[in-house]
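Each of the two complexes below includes chain A, the first together with chain B, the second together with chain C.
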Partner chain A sequence: MSEKSLKSQKKKSTDLYAAIAAALIGLLFGLFVLLVSNPSKAFQGFGALLTGAFSEGISGLGTILYYTTTLALCALSVAFASRTGVFNIGGAGQFILGGAAASYVGVNWTFLPPVLHFLVAVLVSLLAGALWGALIGLLKAFFNISEIVIGILLNYIGVYLANMFVLDYFYDVSMNRSLPVAQSAMVPRLGMDKLFPNTAADAGIFIAVLVAVLIWFIFKRTTFGYQITACGNNPDASRYAGINAKKNIVLAMAISGAISGLAGALFYLSPAKNFIAISDATPAQPMTGICASLLAMGNPIGILFSSLFISYITAGGFNMQLYGFVPEIVDIVTAAIIYCSAFVILINKAIRVLSARFQRKGKEK
Partner chain B sequence: MSVVYFICQQMMYFVIPLTVVALAGMFSERSGVMNIALDGTMIIGAFCGAVFLNLTQDTWSGQGQFLCAMLIAAVAGMLFMALHAFASINLNAAQTISGISMNMIAPALAIFLARVLFGYQRVPYTNSFLIRSIPVLGDIPILGPMLFQNTYISTWIGIAIMIISQFVLYKTTFGLRLRACGEYPEAASSVGINVRKFRWIGVLISGLLAGMGGIIFIVPTSNMFSGNVAAYGFLAIAVLVFGQWKPTRIFLSALIFGFAKTISSGYSGIPFLASLNISPYVYKIIPYAFTILMLVISSRNPQAPRAVGKPYVKGDKS
Partner chain C sequence: MSYAVEMLNITKRFPGIIANNQVTLQVRRGEVHALLGENGAGKSTLMSILFGLYSADEGTIRINEKEVRVTDPNEANALGIGMVHQHFKLIHNFTVLENIILGAESQKYSVLDMKTARKKVVALSEKYHLDVDPDKRITEITVGMQQRVEILKMLYRDNDILIFDEPTAVLLPDEIDELIEIIKNLVAEGKTILFISHKLDEIKRVADRCTVLRRGRVIGTVEVASTSKEEMAEMMVGRKVLLQVDKGESYLGTPSTILEVQDLCVKKRNERKNKVDHVSFRVQAGEIACIAGVDGNGQSELVAAIAGLMPSTGRITLCGEDISHRSVRYRNCHGLSHIPEDRQKQGLVMEYNVAQNLVLQEFQEPQFQRHGLILTGAVNEYADRLIEKYDIRSGQGRETAAGSLSGGNQQKVIIARELERPHELVIAVQPTRGLDVGAIEQIQAQLVKQRNAGKAVLLVSLELEEVMSLSDRIMVLHDGRIVADHLDPKKITMKELGLYMAGVKGGATDV
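Our next item is the complex of A and B:
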């Protein structure tokens, strides 16, 4: 093995250790909060957080995979944009608009045959998400406005627009939500309901895995992926090399938005959900997606696992209600994990120093 | 005329918290630390202030209680923001990520604690702080009803903070050094200024003001804390950018934004707009769309502190 690939492998493994360390510190912080709030039940509650996902046996995996689908796609969207050096915090707007557009097709275009209906709905969601994402890219590239501020503002506008759209075109007055999506537009189950009975599992997880592999391929093997990464690493150098940085930023944000839109479509078209509630709150999944992306350090395959982990503790978090704890503790744990992943570089360095010291000791012996 | 008075009085309820929180952002960013944790800090401040008001509401009321709540909110905000200071100054962490985690942890923690303490997600309190009319000043024709009636003490504290900030930033040695740390920390360091210390102070002032901004946002507009501050921490960042990191301009841009917000939340009280019969969501979108427009306009001449967001490592020449 050449020295270079050995080095990159070493970097990858310390990345993994750092992510695990961040997750562990986050969990410990959660335990600390539990101990402070209710010492007598803290350990039972913590046990429920860690193992609650499987309290109903193996079918719990179905629920975890259902959560993972949306979360992983949201995280992939963040990871894609961050390769160009743009932080896509506007996922919530892209998510809800993608979901609303897909639901519109799902409710109204019933003249389409079953599988095609679903595919068209997904396509429309990609377009809606891409538009909303590209808007951030345009404002960033041509007006140099902080994408964080723009993203947050567009999230609110997106939620209000989606509400307006639902109210005007496919509103169910009695339930204060959108009309249910037609059977033919729902995410196919592909036997997942047989595999995990009584859970929300559907074929969405396969799409998420496919997207992750696709993104991995784009960055590993294509010129476009290389250009995007170059823009992110050093915009000046890439401009000197003849790469159109502005075009790439807009394009990358459009793709990132499309992925968020897809996440919204799969969430609102799933047989377990199939409606959009009228609410002024921004959807939470894209925010958690940022966490999953940071934990995996933007690695598309790593994101599948970090999303799986967060989905696992989310499922466990609901079981903590048995011990009188509110499920918000999961948010606290994930936030603590991000806080730790913010100085992942530091943890990385610490691990490297420690392992170097350890090796030296081994040699002395 | 009563519509004009109504708009002016309502406007202040939005303008003052925005100004104070944007100033909070200014102190941090002028020292070189990017701060998007303002929203989370506002939530912590609002929560702690509301808890204090709730616990003391049976025995105490009036301006003294409100001032005390503001103080407690400010201290809570400062302590919370210390987490951000530690991560971004001492650990050289990615400041955006640290800020995001703070924004995530704050509402989760506030709701969690509210449930533990009160059993509900909400923290209600008795609101006895409205000043119907300031003696003498409230009786001035036209100006009186516009500025000195139906007001809160926080409005005047907010304006005082704006004036003090302007003075501190431009007329004191401390302000000069703080700005130096945000523009060119290597130069500041070369003349013996402790960059880390100044950044810590900047971020702590930021936490102080943001925490206070939390309670002065929720008190005039509601009588309970319900887990969020309507994303005002983020709008304040937009106001900060449009205000070009300068206290008086921040106040002016907060006024413009506050006007848009007043129209959007109070349009049903304005006969002309109510008769137009437009979807309420259009009005809800207005302030946000307006902010984006403001940012596009101000983008031609960005004045951001040059070193903002870059961790300072002594002796690092890059």
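Our next item is the complex of A and C:
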């Protein structure tokens, strides 16, 4: 028994080291980009990137938490689907549709009392996201179509559908965006604005943490989690054991979609945002969410921290503009750091090989 | 006496287990040296160390009297060591020739020089009577031929120490004869052979000396000619082994039909011909009915249809209830236990631990879950009980991942699971494939016990000896049809059975 716990502890710590190493490599790569683009200001810019998030003191944390909410939920969505062996790259479509559905309720259903209004809006976003996710699951399970192809295509369909929906039902012509969400449907602040004045912080982060814990519990303890993981690991054995793999894929994708939809709702219902701009671009958070999920190796609790890191870098990035870096370069640097994080699996393997070799050497001596 | 391979005091540890403990193996030049041991005894680990796939924690390796360090297979190759793995390492859409030269391509002005390569391959093939057509694709040739390609790969690289890892596991009886002939030719040409096996018959036929491993330790090295099979089996398992099943008379009180299959047809999509063609038969309580046949004559499809894994037409009745249109889960819960053909692909979730695998069907039953929450305590207790009862050996008990168990222990997990849950019918598909004598004995005894307890057992096997020794009644499946229904294993000879299997003899005759 002790040996077992030792081994699993070792595995967990390797995962952690790999994640930290991946983040560091990302940061070094970011520094390299800065050195190429403007050598004289590179180190100042890099300093701003690293500390910029707290340039205005503790309230900076509010902004970071605000980013983390959306990012963590998007990452959790990816992690949930990947347990069934499905790569949910369709998060963007689920995200925007969830957001649009929630915004519609937020703008129009003002007859609802304050807290209930918000809850109904969230519920509708869950449904919208779940439907869009289940669609991928259905096509994958019953027609064996690649979830990646469907996911990417459905992202665009989702974005244009959301645009159409906004234009038809709650459009603000003067601003080319949706009408603002009613106060009663906004994400409650729960005192976060007092704690972090002048920031976008709201209670969304608590919901994200709650969802992470819930997912961790589902996989740790429930028969549902057991079935999903079995289907993901070995579909043939699951079928043999009488587990309905198709049903589980659709269900897992629906839940994954619902989580993305929730991310969209919390993003567009936040007091700091409260509208949807008409745009042809797919939202970026779900894609960054894939990286956050990879960096945490799909561990729901780890995702909270990887999202925190990425949000920290994103927040710090804005401050680089003080040193004359144009926003495009800032974007390149932050993106480079984030995407280098995806090397985590490679690094994980390298650490294992190296440590095995090191141990062997130690014994020989 | 000069040694081609010496592995001295090799120790290799894995988490929770010592795979090789001070193992010493000395192979003389020009001999066939067998390495005998149960699954998990450490044979494969030892060979992987020799071939450079693992490195030993302690000990030294000497090749041709020189101490060497082998850190990867390329180095092993340079030392003249070649290996035919149990699962062939061939690229299926390449030709034989392309597969042979892969990784050792001859070049002329940095252009692939196929002509020289072909000449060498053809010459080698002729010299050793391998009869390999270099231009056939791997997909077009039989498994026996594929093995010869692997042998040619070693010869092409001028290896003279050849390791065969359970080479007969995949072969038909006459292919085994041919392989043994080939091995004798190789030795005559001065090659040294290391032959890993747990089949005593073959070792007796082919090997000069034999080193026996048990639980990671060397039990001894013996001259094969002067050692009996029983003695070797005892060295390997550590106790007396019954090489023949002693099963007693079949228990048939009042005959009651457990499984009845009527007019069953299975057709694969895009295929015109039925894989299973109007098959009807019954299995009674208290008998072991065996379906014999050459691999690929519809056995897999028949079993899949009965288990509900493949759509079929016709009627399947289990314990008097028509289950033709029921789900897999329903069948599992209503008396069907199924030991599948491929334990790794179908039988287990390799990433799950032993405990999780032991409740693969039953996790939804009330004793293991409440309100959708798995009762970890109950699962663990159940797992510990089965591990004890079925002697499942692993590094970390119930927490061991199924993927890190040895083949025999993986099969024990499946057998424990299938025989412990409530059932009336056991379908066992090649339950002893690739296992060693000790494990085979245990598993066959379990099946006999099932029969004697009044359960119905449907055994699907390709091993004629198993069919003859275990079954009460033999059915032969040829080309999707039952060509013989009520053969009595006591009256029929193996040769006759072979004729049925080949489709020479036929018709629904009773003997």
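The working rule: the second predicted complex is superposed on the first by the 330 of 365 C-alpha atoms of A that agree within 3 Å, B and C clash if a C-alpha of one lies under 4 Å from a C-alpha of the other, contacts with A are read in each partner's own complex, and residues count from 1 in each chain.
Everything that follows uses one rule, which is that contacts are C-beta pairs under 8 Å (C-beta built on N, C-alpha and C of every residue); 3 or more make two chains touch, one makes a residue touch a chain.
These numbers were taken from a predicted model, which means no experiment stands behind them.
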item: Touching partner for A:149 - first (chain B), second (chain C), both, neither; value: first
item: Which of chain B and chain C A:33 touches, first, second, both or neither; value: first
item: Touching partner for A:328 - first (chain B), second (chain C), both, neither; value: first
item: Which of chain B and chain C A:236 touches, first, second, both or neither; value: second
item: First, second, both or neither for A:226, with chain B first and chain C second; value: second
item: Partner chain in contact with A:305 - chain B first, chain C second, else both or neither; value: neither
item: Which of chain B and chain C A:164 touches, first, second, both or neither; value: first
item: Greater residue coverage of chain A in the superposed arrangement, chain B or chain C; value: B
item: Footprint overlap on chain A, comparing chain B with chain C; value: none
item: Interface residues, chain A side, partner chain B - complex; value: 33, 37-38, 87, 89, 139, 143-146, 148-150, 152-154, 156-157, 160-161, 163-164, 167, 280, 287, 290-291, 294, 326, 328-329, 331-332, 334-336, 338-339, 341-343, 345-346
item: Touching residues (chain side chain A, partner chain C) in the complex; value: 1, 3-4, 7, 221-224, 226-227, 229-230, 233-234, 236-244, 360, 363
item: Chain B residues within the chain A interface of the complex; value: 36, 83, 87, 91-94, 96-98, 100-102, 104-105, 107-109, 111-113, 115-116, 231, 234-235, 237-238, 241, 279, 281-282, 284-285, 288-289, 291-292, 295-296, 299, 302
item: Residues of chain C touching chain A in the complex; value: 15-16, 55, 57, 307, 309, 327-333, 338, 340, 345-352, 356, 360-361, 363-364, 369, 372-374, 376, 396-397, 399
